[in-house]
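In the two complexes that follow, chain A is the common piece, with chain B as its partner first and chain C second.
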Partner chain A sequence: MSEIVTFTIDGRRISAEAGQTILAAAQACGIYIPRLCHKDGLTPVGGCRVCTVRVNGRPASACTQPVAAGIVVDNDTEELRSWRRQIVEMLFVEGNHFCMFCEKSGNCELQALAYRFGITAPRYPYLWPKRDVDASHPDIILDRNRCIMCGRCERTSRDLDGKSVFGFVERGIHKTLAVNADARLADTDLDLTDQAVNACPVGAILKKRTAYRTPVGQRQFDREPIGTSVETRAKLTIDGGEPR
Partner chain B sequence: MSESSIGRVVEEVAREFGRERWRLMDIARGVQQRLGCVNSQAMDAIASWLNISRVEVEGFVTFYSFLSKEPKGRIVIRLCDDVIDQMAGYEEVRRGFEAALGISLGQTTPDGAFTLERTACIGMCDQGPAALVNDVVVTNLSSDKARNIVRSLRENPRPERLVQRFGSGNNAHPLVRSMVENNIRKAGPIVFSEQARGEAIRKAVAIRPAEVIRAIKTARLRGRGGAGFPAGMKWEFARAAEGSPKYVICNADEGEPGTFKDRVLLTEMPDRVFAGLTIAGYAIGASEGIVYLRAEYAYLRRYLEHILDRRRADGLLGQKICGKAGFNFDIRIQMGAGAYICGEETALINSCEGRRGEPRTRPPFPAQRGYLDCPTVVNNVETLACVTRIMEAGPATFCEHGTPQSSGTKLLSVSGDCSLPGVYEVPMGITLRDVLEMCGADEAAAVQVGGPSREMVGPAQYGRTIDYDDLATGGAVLVFGPDRSIPKIVSAFMDFFVHESCGECTPCRVGTRLIKEQIDRILAGRGEPKDIDELLQLGETIKQTSRCGLGQASPNPVLMTIKGFRHVYEELVSPDPHGYQRSFDLTESVREAERIAGRRSIHHREVRT
Partner chain C sequence: MVTHSNTRRIEISPVTRVEGHGKVTIHLDEANRVTEARLHIVEFRGFERFIQGRPYWEMPVAVQRLCGICPVSHHLCAAKAIDHIVGGAKLTPTAEKMRRLMHYGQMFQSHCLHFFHLASPDLLFGFDSDPATRNVIGIIGANRDLAYQAIMMRKYGQEIIKATAGKKIHGTGAIPGGINKNLSVAERDALLVDIEQMKKWSRDAVELARQYSVTNIELVKTFASYESNYLSIIRRDGAMDLYDGGLRAIDAGGSTIFDHVPNAEYLDFIREGVRNWSYMKFPFIRSLGEERGWYRVGPLARMNTCDFIDTPEAEAARKDFKALTNGRPNHMTMAFHWARMIEVLHSIEMIERLLHDPDLQGTDLVVSGERAREGVGIIEAPRGTLFHHYRVGDDDLVTMCNLIVSTTSNNEGMNRSVRRVAEDCISGQPTITEGMLNRIEIAIRAYDPCLSCATHALGKMPLIAEIMGPDGNVIDRKVREP
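Now for the complex of A and B:
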């Protein structure tokens, strides 16, 4: 059993195992810290920065920052909400997101965060990049217009599927998701049963022939806004129920 | 070239380096040199040679500016487009090359002989406009010289033939043979003091490693690469860290635009730098040192290898250094391939391991887990030169210079609107005014201290001092005269960050681009008063949320100049006299609609321009 440390998030005292990340420790106590590039079970990389918190006053990504005894973490402050809102808006203008036509609408974490943050339209000008759609694979479609560069597919394929189907090429604003072949997803060994197929937070990787099985309005975040499943645990704790 | 012959070339190159993954940089550079590209077949061949996935090789190749999937010309001309070179006549030089080659920037001649490209600062701001012709540096360019260069290359396609007169000092060494000038304007008592080869190492190995670290701490030596971290403390962490082997790395990536002092140090004082790295190795218990040399300085490589050989012959590298039993240490040079971010120490480590130059998350810190997951110390070239001097002359002598908080001297790379650009070794704590006087910058209207990442200061602040408490800098001092447009400088700086962002995190990848667009809109006369506050807010968000030092510093050009020169922006964003919303470009919007509709608007002619 590893060492237990205590610290505070937004004034609430929290216990966690040393070595746990702030994001994981918060989650275990029913505090939701928004995230996009991180997914439970993956090695965090701190890429999207949506999980930015202040630790003893200094900004840090909660998905990578380990807890330490006595730290003071700010999570739900106006300043942090404002930064996160801006980052989500940046992701919207960086790609080509048309939620109203998107198969992922209602199941999309980016869209769900936008709702959570009360974003109606991004304040920044759209960059309208030219990006490719790869429909070569018999079962899976890759629409790069919607890719937010989170790298979840890359890490899932490499670390959980043992395959390395995805990877990034170029750098900076030209960074693009590539596949482990000369060009086409069909020429990789990606399989419909790979976990990577389910890793995408947005509508960039989709299973063919499944898009409208669940009608819009009844989808994951239509039923339960993002973060609430974590936060209802907080209620349970406060009401005397058992967390986890 | 057929697939099998490409495979053969890759194997020929790769055999020299072996199959370890960290050799990817050397292999990719070698293949690029032989084939003029690392194309699809070459990437496949490298991937199978190193037993890594093809997409990883592609990710690597496309990350670095000096590697390419598309074929490049046999001669690649890379024009340095940093702001100082722009002031010195970059545009004219570009047009000269374009006219002589019959192509535009970014293109390759149909015969495959030439490619013309732009590149970020190549560390020659004191002698710009400058360019790289393959590995050969050409300086003080003009449009006539551009034409002459193309003419001579057409007659004889060997770039080294372009050098007719050698530069000062070791630039004339038979293994360098470069036209680059050192321009050492002021040699101070530490870095540029008389060298006694071997003395520092002999003194170091005569005492225990912990005592060496104590000496560095007593000297209060702080990092010269920009961040200013206490060197002794960093070494102590690495010494105490579990894990072996341990590594020491000399950061010779010198990418901050306007910085070139490390180049001069490597040219004139390589022994002092290598000695410092060796002492660092002794102090932390490492047996291997790496010099990460930026691709732009490849022309120094053979000479540096020769110096390393000489040190091996003299017992200053290798087994039992200076007779010290158990102290075995050697140094190898790792070339970069064109990426400013690789100056950031964890990106540098990734690059050394044959990965994309993306910074790592901290913790763990490199001193705990760095190169190949082993404890690693990364120090700047100048820091290591200081180490050697501290061992030679003792910490007390070192502390005689500078201030209590910032001991020693600092090398400055001065360029721009001044009569004596070049390298100055000055005591820490010197005022900016004194620096400007020394370099003949009587009319300086603004000075960028520390390069684009840091701060622009105006005349009212020339009394400020260069040290860790005030104007902390890696050494760049860019002088701007009264006729320079500050927003244009800012736009050029932002261009740099947009090009050099690694793209790993959102605020830096997207935010720098948004700032750049907004600044350019203001420069185009379409700014509005609210732009200033929007820029401040966007900049602050990028600064606070970016993952590494590049992104955190990237909005500084905007934030610092709005702070110090707000009136310049206010003049540009006055409200439109007709009450129009200036940010909206009616002409462009109509054009866009016409493009989409595939026909002209009936109002086409009436559009206000």
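Now for the complex of A and C:
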């Protein structure tokens, strides 16, 4: 049996298995730490920084930082909430995100986090980048307007599907999601049944002809705002022992 | 601003702030006679262009965003066009009836909003009444029951939209080849609770509009009126059908120009003209040419084109309406209001009929068939015939979009009405009064164009009218505060 270590998040004492990430340990105890680039089952990379916490005062990404005995983790502080809000706002202005008619609306993690953080409009100017739509594949559409460069598709395709369909090219503001072919998604070996097709947290990779099938009010985050499943489902092991 | 040496120009700008700014210009000669009067739509929206390259299934949800007033009409019209793309034009009974229910809910709430909130202050208080109270707040003060009824009727229509589209504004109910939900028994029963009240209020509204028309018949006969052609879709048996049917056009005498034209062939019968002073196009009937082929759409047009209405109370009201002109086409612009309320009554009768139809609880929601590259949808929106036309590539992205919006079809009609009012009320007058400006607006407002929404009671923008001297200097200026 693995070693159990004890530490605190926002002053609450948490028990976790040594080697667990802070994000996973918190989640097991019913504490939701927001994240975009990480998905359960994928190797974490700490890319988006939405899960940033302070560990003994130093910023760290909760999805990659392992727990250690006695560490003091700050998660739900005004400073960290503000940082996370700003990251999400920057993601909104960096792409072309039109929630009002996006078919991912209601099932989109970026939108759901914006709602969770109370973002009504980003404070930064929109960049309105020119991005391409690749609709060449008969069953899957790649809309780069909505890509937040989280890399979930890349890791899922490589690690779970064993295909490496997706990857990134260029740097900085010019960084673009590319496909493993000369130009088009249709020329890759991406298949409708690949897990990578379902890996996108936003509306960049979508199955064709499935849009708007779920009525408003019954979509994923209509029924359960992001994070609440973690917060209500899990048993807490905190002082007092009462579920949150 | 350039003025001709011996003319003056009155400008009303903005007329509105909704889905396109509008302004009115009236040119006067040295004897203050009107030489020209125009309604300009000065904002460009560009939807037809920027939805190119988007996947076709986005159209019903994306294109409805061009309007915040009648999005349901665009939502359904786009869906009808896209149905052809997916080979699903023959909907299941549940899907078609859910869409119809949504559409009648939209018709009901939109017409009520226009009549009670926007138009009724003119009708109840008079064209020259104090603008400080000639608005919906004035209605609340003067007739609390009517104001309450207006709000509750609008709410009822919005609840129907929510139950069918998922949201009161900009929902997602209609999807290519069908609908994404049925009507639960709980939703149905909740809507049935108030149906009798809504029917009663609808009858009252018809009576209010009828009374206005017959009491003020001399005004109604002439104000902003013009003979014109009329266009709508029509059911195979000649009944008014707001959701589906072939195109019918009649001339000013009531003779048929064309009938039961399949939607996909609309371009063989309708063309759009362009003029250099307005971003809004000027559609016309191709066989008659641009000069004579302009036509009007909307409630008045539908009363003129249909042979009958397929609900008993609205049909009785229609006969009453037709009796005013001995069965001939009614060209009275102010009769739009009466016709609109007859459609409110028809809509609530259809809503009741549909709510009692068990097909709405069906679970067969979507069909698909052979993929096509082109689709045309035509629907009767509250403001008139609405066309959506898309071409789609093999990669499912839209390559072409053509929209003829109801208000666009009424462009020439509104311009003629503005000209008529200017000639009747302003021509030869040395100064302009607030009442004159209001008459111009009343003429435009009768059509319930999308740009009417903010012109009046709810508007926050003042109307500005200026008389320009020959040298372009302002020699008289009136500002009407909202």
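To be clear about the criterion, the second predicted complex is superposed on the first by the 233 of 244 C-alpha atoms of A that agree within 3 Å, B and C clash if a C-alpha of one lies under 4 Å from a C-alpha of the other, contacts with A are read in each partner's own complex, and residues count from 1 in each chain.
In this section, a contact is a pair of C-beta atoms (placed from the backbone, for glycine too) under 8 Å apart; a residue touches a chain by one contact, two chains touch by 3 or more.
Source: prediction; values computed, not measured.
Engineer: Please indicate which partner A:Ser136 is in contact with in the superposed arrangement: first for chain B, second for chain C, both, or neither.
Structural biologist: After superposing on A, A:Ser136 lies in contact with chain C but is clear of chain B.
Engineer: Going by the contact rule set out at the top, does A:Ala211 touch chain B (first), chain C (second), both, or neither?
Structural biologist: A:Ala211: touches chain C, not chain B.
Engineer: One more residue to check, A:Met100. First (chain B), second (chain C), both or neither?
Structural biologist: A:Met100: touches chain C, not chain B.
Engineer: Between chain B (first) and chain C (second), which does A:Met90 come into contact with in this model arrangement: first, second, both, or neither?
Structural biologist: Only chain B; A:Met90 stays clear of chain C.
Engineer: Residues on chain A in contact with chain B in one complex and with chain C in the other?
Structural biologist: none
Engineer: Which residues, counting only chain A, touch chain C once they are in their complex?
Structural biologist: It comes out as residues 100-101, 103, 133, 135-136, 141, 208-209, 211-217.
Engineer: If we count contacts the way the header does, which residues on chain A are in touch with chain B in the complex?
Structural biologist: 44-50, 52, 59, 61, 64, 66, 82-83, 86-87, 90-91, 93-94, 123-125, 127, 148-149, 164-175, 178-182
Engineer: With touch defined as at the start, can you tell me which chain C residues reach chain A in the complex?
Structural biologist: Residues 53-55, 57-58, 60-62, 65, 86, 165-167, 170-173, 175-176, 180-181, 395-397.
Engineer: Please name which positions on chain B make contact with chain A in the complex.
Structural biologist: Contact set of chain B toward chain A: 40, 53-56, 58-59, 62-63, 339, 341, 356, 361, 363, 498-507, 509-514, 517, 534, 537-538, 541, 544-547.
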